[in-house]
Amino acid sequence: MATTKDINSRAASTNQTGFGTNSSYSGGRFYNKDGTPNLQVDGVSFLQKLSLYKTILKMSGSKFLAIILLFYFAINLFFTGIYLSLGPGNLGGTEDPGALNEFWEAFFFSVQTISTVGYGHIYPRGLATNLFAGIESLTGLLAFAFATAIIYGRFAQPRAFIRFSQNALIAPFQKGTAIMFRLAPYKHNHLTDAEVKVTLAMKLPEEGGVTNKFYSLSLEISKVNSLIQNWTIVHPINEQSPFHNLTLEDLINANAELLIVLKAFDDSFSNTVIARASYTANEFVMGAKFKLMYHRSENKQTTILDMSKLDEFEKVELPVQMYNQR
Amino acid sequence: MATTKDINSRAASTNQTGFGTNSSYSGGRFYNKDGTPNLQVDGVSFLQKLSLYKTILKMSGSKFLAIILLFYFAINLFFTGIYLSLGPGNLGGTEDPGALNEFWEAFFFSVQTISTVGYGHIYPRGLATNLFAGIESLTGLLAFAFATAIIYGRFAQPRAFIRFSQNALIAPFQKGTAIMFRLAPYKHNHLTDAEVKVTLAMKLPEEGGVTNKFYSLSLEISKVNSLIQNWTIVHPINEQSPFHNLTLEDLINANAELLIVLKAFDDSFSNTVIARASYTANEFVMGAKFKLMYHRSENKQTTILDMSKLDEFEKVELPVQMYNQR
Amino acid sequence: MATTKDINSRAASTNQTGFGTNSSYSGGRFYNKDGTPNLQVDGVSFLQKLSLYKTILKMSGSKFLAIILLFYFAINLFFTGIYLSLGPGNLGGTEDPGALNEFWEAFFFSVQTISTVGYGHIYPRGLATNLFAGIESLTGLLAFAFATAIIYGRFAQPRAFIRFSQNALIAPFQKGTAIMFRLAPYKHNHLTDAEVKVTLAMKLPEEGGVTNKFYSLSLEISKVNSLIQNWTIVHPINEQSPFHNLTLEDLINANAELLIVLKAFDDSFSNTVIARASYTANEFVMGAKFKLMYHRSENKQTTILDMSKLDEFEKVELPVQMYNQR
Amino acid sequence: MATTKDINSRAASTNQTGFGTNSSYSGGRFYNKDGTPNLQVDGVSFLQKLSLYKTILKMSGSKFLAIILLFYFAINLFFTGIYLSLGPGNLGGTEDPGALNEFWEAFFFSVQTISTVGYGHIYPRGLATNLFAGIESLTGLLAFAFATAIIYGRFAQPRAFIRFSQNALIAPFQKGTAIMFRLAPYKHNHLTDAEVKVTLAMKLPEEGGVTNKFYSLSLEISKVNSLIQNWTIVHPINEQSPFHNLTLEDLINANAELLIVLKAFDDSFSNTVIARASYTANEFVMGAKFKLMYHRSENKQTTILDMSKLDEFEKVELPVQMYNQR
């Protein structure tokens, strides 16, 4: 098996990943498959740790709607309780008193107040009821202002809309081999000045213990002016590569993990967007190459990008001198 | 005719355009005339491919208004159906019952509820009606919050407001020739740190097949601190240029296409804006130069930029040694 | 007098100002004193030239309010006309019919509808009136959504909040002279990574005509990590400077103008902000230096920046060898 | 004691901090502990100095709510005054006139108008009352639009959410010593391309007076691709360091202060965020090193960052040759 020393004689390790090097204190993979860091923050109170903005923006649409409904119901219940506690006779104007009982009358008065619809067939009487109705309508307006804010936040939030292939392939490349994966924008999004950085993380024996080692990988092309179609990211496994002479088994033993960050400018959002991904050694495929994922339209006037082929590859022979020599 | 080998001996091809090099699988021009990529995404569901944000932001104003009206009508119809299904007697308070029939009464009650105007001359009676009216007013508030969000999104969306000349001209330049086109901001927009990148795309024979080749063009000036007036982008056709020794016919045969990306900072939007354009060989004009498009104001105190002259050029003789030598 | 050739032998002219070089076609100063370009766009229709976003964002607060009021009044008048045309009896519910005449009743019904306040003491009767009231309340909601959008746009618009000194001074500097001006943020705004670019524009005789010439000026310090206090921008007038050997008269004759662009990151706005200024030769002061504009607070614990001193300078002797040698 | 000359022979001072060098005119530390500049702006009117945007965005949540409530109350009081001044009989429709006195009736009519709830059991009569009610409902709508704007501004404002350690430590590093402090994001925020700049400020004797001197410190690592865990910033105290040969006493006498600016891209906010901090010599600890602040989760699958340990250090011996040699 290749030793840390072997690897370091070829490629200098640097740590710009944001993770510490103390391997015995860090657990599991560094990044989750979706590119979020596999790290938990502790030692701060829940409220301090909570970022309302991020929590709400990352929530699913249905969960978001459920929370709004729940909140709407709860706040109406709260004001219903107040109106009921003020006693009967504080809500006036109901022309047919038999229709609803006291609770529902107070509840719907609350609903009509907080939504500012205020039909007026039920209306507040007396100082206290009027006061609370005034507070409730202000509450409604502010809550609604807040809802507008978060709906806009969710709506306009810049996102990368990039998909990464499921696997990273070790494929023939020029006269040797290379490790490659691919990505593509899937929403007709047009990215400008896209730049990708790939880091190889490994847990390697060093000075008696095990240390997290990080290697920046040199790429065939790491920057494109425009990212429209699929893009295959290629790291040639040459003599300067930390992958050189390592078998898939070595990589699995060392918990090898590729950490990927893509940064680009999206002109719809007029903003920089970031996509992340991670491939552990278990997601590497030895001896395979990606299938072409675009073709010409029938009228020959357009190119068609077929996202369903993003993950597709076929097995191929690797050149003999690599991976088989030991 | 010039061969791929000839061209490559002068200028190295690189592909940073976001398009693949497999010419037999790509169709038509790379970018449309308006700078959007000529590419269609397939293999993802409609919903996944849909970007609400981008769709709404790129929609025309009248289409946007029509959709809002349609949606308003549809949702009112939906709630009208509910109120009608709850039977007569569930809406009270109409003082002159002969004025409107049941359907319209329910419809306008719905309109008055969803808009929260709630005059109250029609009002909900009974538990179910009250409940649905409460849900409808919440729906109205949320829909309106969403409308505010997208109106703001449309209103504040940074755009480049740049126009490109209709044609690219092959004009005399210094002692030789150059290919040039021009652009100008047309809304008194003041762009800072504008940078332009021009790529020449050609479909050239290579190894038996035809390959998409992309050449970065060197420009006389590719960056300006401020972009206020018109700017003529100039690529000198010297011995390092991929255009060198090619006739207009050669360019048309090779499906030559100029791909242009302009990136600049707009301080009104406080944001980076991007403009794109494309010229196919059919839009090249051999032997022509642009007419001056600005003049002094009558009181001599201001410069006037005349956008109507953006496309205007006049025919000129090209130096003999170019394009005529074969 | 120094000739163009003299100047060009020392400093290369480049044009990155966004203005053309054809002097006989350009009029007046390049930038106005406030940093906006002295250029008018023509040849596009008013609507195409209009940028709603920029127009509204640059409008003064009082003008903005006046337009809102006018619009509110006009739209109410429009709907009043509709309600009146539908004839008497279409608005019901007024308990004391003598109080208001028909016009005002329709007008206030319109006001109560568009604002969605809908008291209900006046309410729509009949199909047509209900329909228009429904349209009016939707109009009100959309107009208000738009108002929210532009109020947010105005409120959150990143601006530089920088003031420039009234004059540029030609002052003693080290063993020679330098031209300098200063600027300071005046709203406790804290700018990061501020960078300034200064260009000298002159109209100089060349090849029989007069040409606009632009010279990038080298600065003592052109970048600061933080911009909190005042910053004096210094261009040393050495032998490489285009100012070298020019008298104030020469500069005035050549319509000399300093064009300044400051770019910085403001962390309150989380955005890049830009400030511009311009000094014509008439705003140069020969033989003067700026007075110190900050001092220690009384309790010695804070530094105080006195903005009222921004423009203050005192006359000083310049070293003999400069400006007097001819 | 080390002299200015000693220090300058090793490290060149540059001033890119935004503070002036005139030490006798500047007071106290340069930056406050929280990273805001210790500077007060004077000589501009309160209104000109006021930045509504920044003031509201930096306000605490409770203060913000209090101001909204106060404003709501005040504006209602103002309109109450108007309605009262129009005399009795101008508000109609109260079915039980004994319930509220004239003041409260006017007040709650105002509340119901400005919030657009408009029950209608109180409604405006007469031209003047209707007019003011119309103005009040417009006021309500605009105020509420403004509230939406500032709530969104507060909600979406990009912030760095970084904590800095309380102290900067002078610790053993490689074969010598280094000054170090650490920082960590505490809200699961994921920062990309983080860059830190550290400046040492000292008040040193020069040419008879005392001058503010600023030294850029070289760092072991000044840029990381991702900032997720804690990051310890290290300035090695070697022979090029301005700290070389200075005792803690020297540093305190010279009012030494470390000024720190961290700039990074946060992809939740899709924006650049900035964090600042400052350590005065009193916050330096001689001979100490930070304790590890992360550990492996119990199931070994995740790394846990313990923010409560951010400030924790332990005393250690420093190598003899440093700080003890004089």
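First chain written, first letter: the chains are A, B, C and D, and each begins at residue 1.
The criterion applied here is as follows: a residue touches a chain if its C-beta (ideal position, glycine included) is under 8 Å from a C-beta of that chain, and two chains touch if they have at least 3 such contacts.
Note that this is a predicted model, so its numbers are computed, not measured.
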Far-end chain from subunit D, centres as C-alpha averages: B
Subunit B onto subunit C, rotation angle from CA fit, given as a multiple of 5 degrees: 90
Interface numbering overlap (same over half, different under half) for subunit C and subunit D: different
Chain centre separation (subunit A, subunit D; CA means) in Å: 27
Residues of subunit A whose C-beta touches two or more other chains: 112, 116-120, 148, 152, 269, 271
Touching residues on subunit C, where the partner in the complex is subunit B: 15-20, 22, 24-28, 36-44, 48-54, 57-58, 92-93, 112-113, 116-120, 123-127, 130, 133-134, 137-138, 140-142, 145-146, 148-150, 152-153, 157-158, 197, 199, 261, 263, 269, 271-274
Residues on subunit A engaged by subunit B in the complex (per definition of touch): 68-69, 72, 76, 95-96, 99-100, 104, 108, 111-112, 115-121, 144, 147-148, 151-152, 155-156, 161, 185-193, 221, 223-231, 265, 267-271, 292, 294-297, 299-310
Of all residues in subunit D, those that touch subunit B in their complex: 116, 118-120, 148
